[in-house]
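In structure tokens below, several structures.
In the two assemblies presented below, chain A is common to both, partnered first by chain B and then by chain C.
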Partner chain A sequence: MTTTIVLQQAINGVVLGSLYVLVALGLTLIYGVLVQINFAHADFVTLGAFAAYFFMHLVGGGYILSIAVAFAVGAALGWLINAAIFTPLRRKGNELLPLIATIGVSVMMQNLMLAWFGPIPYAFETQYSSEVIRFAGIFVSWQSVIIIIVSILTIALLYAFMKFTFLGKALRAVAQDRETAGLMGINPNYLIMLTFVIASALAGMGGAMLAPVLVLTPFAGTSVIVKAFAIVIIGGFGNVEGTILAGLIVGLIESYTTQFLDPGLIDIVVFALLLVMLAIKPTGLISERREENV
Partner chain B sequence: MSDPALAQPLPGQRATLRSRWLAYALAIAVIVILPFVFTDTYWRTNLTVCAINVLLAIGLDFILGYAGQLNLGHSAFYGLGAYVSTLLIVKLGIPFWIAFVAGVAFAGIAGTFLSLFAVRLRGHYLAIASLGFAVIVHQILLNWISLTQGPLGIYGIAPPPAIIIGGVVIADFRNLAAFFYLVAGFAFLSYILLNQLVRSPIGETLTAIREDEVSAASLGINGAAWKVFAFGVGSAVAGAAGCFYASFVGTLVPDAFFVSEAFNILAMVIVGGMGTLIGPVFGAILLTVLPEVLRGFGDLRLVVYGAALTFVVLFMPGGLAQAARVVAEKLGLRRSA
Partner chain C sequence: MKALRTLFVSAAAVGLLATAAQAQDKTIKIGALFPMSGPGSYFGAQDKQGVELALEQLNKAGVNGYKFVVQYEDSSCSPLPATQAAKRLIEQFKPDVIIGEECSDATLAVMPVVEQAKVPLLNAGSSSIKVTEPGNPWTFRIMPNEVMQGINLAENASKRMKAETAVLLFENTNAGIGNAQVFKENFTKQGGKVLAEIGFGRDVNDFTAIATRVAGLGKVDVIPTYTLEGQGLKITQALAQAGVTKGGGGNAIQIGTIWLPFGFEQKAGKAALGYIRIVQFDPTDTRDVAKNFASAFKAKYNAEPTHLNAHAYDQIMLIADVVKRGGKDAQSIRDGLAATKGYSGVTGSVEFDKTNQNTKMDTIHYMETKPDMSWTSLKWN
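Coming up: the complex of A and B.
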């Protein structure tokens, strides 16, 4: 009985964790290239979820396609925030101003969504939520299977893109040394734009898949982003492997805390872990050779 | 001090000193007059909310604008001040002013503790650590139901006891104007205190650390200690604001101290102009009054905070303080620096 519960919660934790990984990867990609934080990343998650919701309910599209729509919406938002906020502020060279500006964007987006969508949570149900596979006393919904498959595919594609394509190599070059990469004929501005588009597209699509789990209100992203911050720091800011590992750990912590302690304690446990990590090893589980913030 | 010229303040300095006292006198006059101008309950309530927000903004500005630490968890110290003082009064029956001191001290100690721990961290890491701290505090307030009554909140918190001297009621804080004088007076004193601090060698030390910690350290400045000091002072001021808030509103719910409150305070500091003390005062007043004036727009009015924050950072990073300087120079009231 207990083993079943432990296994069941392990599966739930991995499903949730892989979604957190998608969101946190975006943050870590941007940090890796630009050493900047886009605070509105959370609201891209929320808006991705709403885009998927309205695509299904107003247009009548299927759930799988709605994930693609959320991906596209996220990509567009990523392009926009880079053009409107990060590009103009890069010339000022202050490390904290873009973070502060995107907090403003986040507050703006949340309140615009509040004015349009209202404060009442939306019920986001898909036809896959209720279809369940039973296996040795463990329940797995098709929704979870879709989440796992899409997340693994996305992460694998991203990994292959970074490792094997020219653009991916150029991206890593810009992350290591923007000026030298520029001298090698790489256009850093184009690659930074590309990073924002990819990162935000991941957030949007993460939103479409998180929506059935979350209480979908205009402020839904906030609870996700605080965990995503915890994940990127626990994993090592700017480090992709560390982020994946930490994301799964946080997902598991969340499912086990819900089962054995109290759901109200999730954020406390996750952040206690974050603060302990900052105290002991601020560079994260897998540290990047980047020391300027510590 | 053999040279008499050195002992005397320079003419320019004397002039700024005189204009500073003139400004203080003007501020007192404005505080005294305001409740006579705004006589209805609604605006008198807003006056006190303004004063509370001014306290929050100057406290955060001391941490952010002078010590250069991006604190995204100011709401936590505000909430700790409010809850600690209120719980002492409600659960233990401790007199208001003793609970007030305890609330301020607790918030200050919490800030000191957080920054002691975060002193190795800079920039983004400190921002996230302080945000994490605010999330934890909010969650504790929400989940420690036996102590805080969680989301149900604490109701019927009494205002501070009336000041009675020799049987004569000097100030009854059930009166909105009296409460405003109390908070505004405290905010004014805090402002003077912080202003003296930032104009003293301590202020110069903090600025030196903010601009270049390594160079400051080479001059023998202990950067870590001063940053902890600034964080402690700033959070203690937020704690005071929390004590006043609880006894003014009479109700405490954890959601009043959600991280979004920290962002609102940040907006006040940025819009006013971080690194100046007078800027955030006006930033706080503007961002308290503006959403009230825009009440007809419903929830859309809250967009003001975000829009103000973003556009000020993009187009006028020095905020209202910078705008005022530009206007003064254009009008020829002040020589360009």
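Coming up: the complex of A and C.
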């Protein structure tokens, strides 16, 4: 086994892990603020992928701009669905209703996309997926470079937003104690809406980043969402830093399991890790007091 | 008296009308188990096009006074939904014959259900040997099975392509594993060496890690690949990115049996350069049945047909042929299918052996992807 292959698989793992992180961040954000699992998150990813695809193929736009379009489409859809479905259900006071509604939204979106886009896989090619940088026996596509750069930028911007802006601080306040934050003059409903918009925008953008990697069909997002859930649990539900670390670990596990064991064992290894985490450290890789998450 | 006569005349007229209506209402009910959701749903979409074209042609005049109606059910390329869909069809629609599924795992799950209900199942897309070995009196397959294709492919890889080494890539399903094992066995018999057998689940999206592993195996001549279209695209692109295959400047050539539809090359781009695979419908086929199908398909859909369209079309047309020979219900259609001799369809001839496997190998065609992403038919059979 050469060092080159070990290094190559490390790069592969980091690229894959970065994609998982983009998808999992939205999930963890929603859980952190609302203590709610969004089962429709995968479909926001898929819709983002299709938005980028059609922006490139129908409008003739470039790939980089299509990432911004997918971000905007995700944000708009997140706002719409939160306003039309989740907010009215939350007002009823039963926390189970919005959770069940996310399943309904997921099924509805999948079937709408199936009706609109059809079941035949789309080939999402960008000029960056076939251009490969080769050096010292290592290969990296420009697509992978873009994935890593966008992931780093996204994480940095999200971190800065949370730590240094008023809205970010207000969001953390709502996550810590929604009622007290409300008493302090923060509008929790506005911030819940903002959380949905940011999470959905991240999902849409994740879709645009994943589209050249995914088999693009109306069910594309579901193939990564199970891993994203596992990452959120391994990292610690609602914990952004934990999610980033867990995403990279899962990406590396996939690469090295493929190289040294068998790709058929990937899910066994990842979910064994999840069970171990639940058994010995259910709070996740980076455990904090819950109110400090997000 | 006059009133009584009028009553008799009216009754006779009603009776005649009813008989005429009954003659017109004679239908052969065909249940269609196609994947319409999930990763195999492209099968269902294309199968349906072939079925609808066949129905349009057949129902203009009917066959032996019978019209054909089809009820579609989503079987999802997966055992549990396929079983539920089959039961739904049998209980509610009460079909005379069922066509489908595409994926071997789903077909294998459905077989006991149709056998119990005594409804014939005509399959065109599942390659697992278990579909016809040891044999099921109610299941018929017109497509060559994995053994027929695998022996042929291994021999051609060794003798025509002079391949000495191979890496097997396959999805972890009955069909994927079965196809890979048949190739391995026969390629090894020819003196070839299999360097690695790499199976993966249908949820794998990124094949860069697998391509990296293949790249680290040294000189690889052929890479037999068995997977659905979506993952197939990603594998082909990843192998090219890793510089393993011709499309990425390497020397290895991807080969495969009947899995991928036409149009795959255009989607995969230059990564697919040199890909050699078996297809079961050759658009350059000069037989009238194939030419007529291709032109009718293009007229209806304004698109070139794929082997999936052709498979589905052939299934309906073969059933119509059985009806023409006297088939009218599940039992007689089953017997008619078993007695089929020398039937010539779009995808080739049909004649079943005692396991209900089509034995005619004129269904196999090889094609190679050219540098301009078009393909050329290799006259290897």
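Just so we're on the same page, the second predicted complex is superposed on the first by the 283 of 294 C-alpha atoms of A that agree within 3 Å, B and C clash if a C-alpha of one lies under 4 Å from a C-alpha of the other, contacts with A are read in each partner's own complex, and residues count from 1 in each chain.
The definition used in the following text is that contacts are C-beta pairs under 8 Å (C-beta built on N, C-alpha and C of every residue); 3 or more make two chains touch, one makes a residue touch a chain.
Small disclaimer: the values here were computed from a predicted structure and weren't measured.
Peer 1: Quick one: chain B and chain C on chain A, clash or fit?
Peer 2: Partners clash after overlay.
Peer 1: Have a look at where A:M184 lands relative to chain B and chain C in the superposition and call it first, second, both or neither.
Peer 2: After superposing on A, A:M184 lies clear of both chain B and chain C.
Peer 1: Quick check for you: in the superposed arrangement, does A:I100 touch first (chain B), second (chain C), both or neither?
Peer 2: first
Peer 1: Taking the superposition on A as described, I'd like to know which of chain B and chain C A:L214 touches: first, second, both or neither.
Peer 2: second
Peer 1: Between chain B (first) and chain C (second), which does A:S255 come into contact with in this model arrangement: first, second, both, or neither?
Peer 2: second
Peer 1: With the two structures laid over each other on chain A, which partner does A:E125 touch: chain B (first), chain C (second), both, or neither?
Peer 2: second
Peer 1: Quick one: is A:A160 in contact with chain B, with chain C, with both, or with neither? Answer first, second, both or neither.
Peer 2: neither
Peer 1: Of the two partner chains, chain B (first) and chain C (second), which one does A:M108 touch, if any: first, second, both, or neither?
Peer 2: Touch status of A:M108: first partner only.
Peer 1: Could you tell me if A:F139 is touching chain B, chain C, both of them or neither one (first, second, both, neither)?
Peer 2: second
Peer 1: So, does A:A83 touch the first partner chain B, the second partner chain C, both, or neither?
Peer 2: Neither: A:A83 stays clear of chain B and chain C.
Peer 1: What part of chain A is shared between its chain B contacts and its chain C contacts?
Peer 2: 114, 226, 262, 264, 267
Peer 1: In the complex of these two chains, what residues of chain A are touching chain C?
Peer 2: So the residues of chain A touching chain C come out as 1-2, 5, 8-9, 12-13, 15-16, 19, 114, 118-121, 123, 125, 129-130, 132, 134, 139, 141, 144, 210, 213-217, 219, 223-224, 226, 254-255, 258-259, 262-264, 266-267.
Peer 1: Please output the residues of chain B touching chain A within their complex, sorted ascending.
Peer 2: Checking each residue of chain B against chain A gives 70, 72, 117-118, 120-125, 127-129, 131-133, 135-136, 139-140, 142-143, 259-260, 263-264, 266-267, 270, 298-300, 302-303, 305-311, 313-314, 317.
Peer 1: Considering the complex alone, what residue numbers of chain C touch chain A?
Peer 2: Per the touch definition, chain C meets chain A at residues 36-39, 41-42, 44-46, 172, 198-201, 203-206, 208-210, 212-213, 215-216, 229-231, 233-234, 237, 240-243, 248, 266-271.
Peer 1: Mind listing the chain A positions that touch chain B in their complex?
Peer 2: Where chain A meets chain B, its residues are 31, 35, 37, 85, 88-89, 92, 94-97, 99-112, 114-115, 222, 226, 229-230, 233, 237, 262, 264-265, 267-268, 271-272, 274-275, 278-279, 282, 292-294.
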